[in-house]
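Every chain is named by a letter (A, B, C and D) in the order it is written, and numbering of its residues begins at 1.
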């Protein structure tokens, strides 16, 4: 069987590339907003890792070959929040920050043991119903204050807790 | 008759203040976006001035005392586009630029003979039906290419043509 | 004696205007950066209030009539840090956030009992020697971690502690 | 001879990866600024292609494995402008835009026949002397008005002319 889809990488090719190149990612912080655009809630995915540890995560994933950043955002949001979440992808691609996940700890606030990933991070208002699928167990909405709590921050590994705090600071939500 | 509304200025007081202080404004560029957030159209108000000259304008207006910037945006968008325009006020107050309208020409690209106005400028996706009222005759939707044309730019006085170009550059629309 | 300088307001006029209009401010977060642009230290002014309370503050002040935002930034930085601080005013006026100080508490994270001030906030690298004058006692440099500490945050009233945290989040400094 | 430097790719591996993954780039627009931060000049590299065609270019290049974005910016600026250019890498990694160069024309305003490159774009003030080396013949400084001219824009292929216009719009320079 031959794989001919452009942008597709065989597992061993992905491994090799991960050891040689920074991999382009997008991170999306799903939020509920009121009519004036103010963020009222932040959505976090609940994941259970292979070793049974519970963690919370933002919507995150690779940008594929020949895929626009906005299409990657849409694809990952649909994959994680379901087909009727109605995400409002920003009109401008200017991210609120660029998160550099290094395989080595301590170089930046972000860490990914698998790879060097560079992620464009966006706040994405979501207007519809969210029905997590794939490997996520659940999507839970938190107030900005709850999302800043040390307890919840501790459940977000690899610097995603800090990335969430950066998103909240960007939209003006005090802890 | 005594006016007691906070934030209200008698005409002569507004005149006096305009001669002494920069006045805080908001500028909103209404846009239509597709599902991936890409801008497909820009909305411009058609205005006829007291001297009969036709001009095109962005949604623009003062921020009042004790009014949040997001509420000022909402108020001016509703005033100019009607009650069912469904504007999506941005989650973050970070503007794409700050437009400084000076009463003297040539200090910045923006000019307002009446006052020194400093305006926070935002791109605002609009999802509903637009029914201009007040002093606007009509709202016309243009493609980004049409909006960048020299002809249309010439109809936007005081530097608003340049502000529109800045908005289009910010959202990645080439002329 | 008659004051004729444009942009000047008699104390009673400033009082009256403060009760009627949002007042335009700038906030600058002075930082030291290394050759790669990474923030190594944040500078905070030490102030002693009329009642003897010690507080820490960002560089902050009004934009005057017919003054550009960049000139207001330069003027306040020179006023607070001295003439040889060599501040690097940003090339773009896009602020990292807009801080809305309300006279009423709880509307936004910022509060100013005197007025409704709307402040454009910038991170400003400072390369030279800082010699605070005016009403500031001292300028002290803190690491980003020190600047995020609850103790130091408690010394920054009116929401400036949160504004500092927003600046640190914007430049990617984890607490 | 075996290459063991991490981040290095053999030519054939780079070719293969380019056909499978978006490649992370940085684009830097070198500028001269005055004391108030206002852009007075834009620096463009003069290049002569293998076929003798003259073109102008921004400072641009790949981000390597395990390299921070700020270090990639510094490396490419030093490579193209020489060791005493004294570039002021921004304190925040928030780019003014993300330029998506597609191997297929017309998907975005940017185009690179060799690859799908996604580039984080920054305006970088440069304070020192610039001495282009490598494959660049010369660095020429233009006023913002000259840089916006159709003639000069025509010399910047692959959408870099538009990226330059976006940079000028971001810093508030009208054509």
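We adopt the following convention: contacts are C-beta pairs under 8 Å (C-beta built on N, C-alpha and C of every residue); 3 or more make two chains touch, one makes a residue touch a chain.
These numbers come from a predicted model, not from an experiment.
In this entry, chain A maps onto chain D through a rotation of 180 degrees when their C-alpha atoms are superposed, rounded to the nearest 5. Of the chain pairs listed in C-D, A-D or A-C, the one whose interface repeats that of B-D (more than half of its contact pairs identical by residue number) is A-C.
Shared residue numbers account for over half of those found at the interface formed by chain B and chain C, and the copies are therefore classed as meeting with the same residues. Mean C-alpha positions place chain B and chain C at a centre distance of 28 Å.
Distance between chain A and chain B, defined via averaged C-alpha coordinates, is recorded as 33 Å. Chain B has residues 68, 92-94, 96-97, 108, 170, 172 in contact with two or more other chains.
Those residues of chain C that touch chain A in the complex are listed here as 97, 108-109, 159, 162, 165-166, 169-170, 172-175.
Only residues 6-9, 13, 17, 19-24, 63-69, 92-98, 100, 102-104, 107-108, 116, 118, 120 of chain D touch chain A when the two sit together in their complex. Contact residues on chain A toward chain B in their complex (touch as defined above): 31, 33, 35-39, 68, 70-71, 73-74, 88-94, 96, 123, 125, 170-172.
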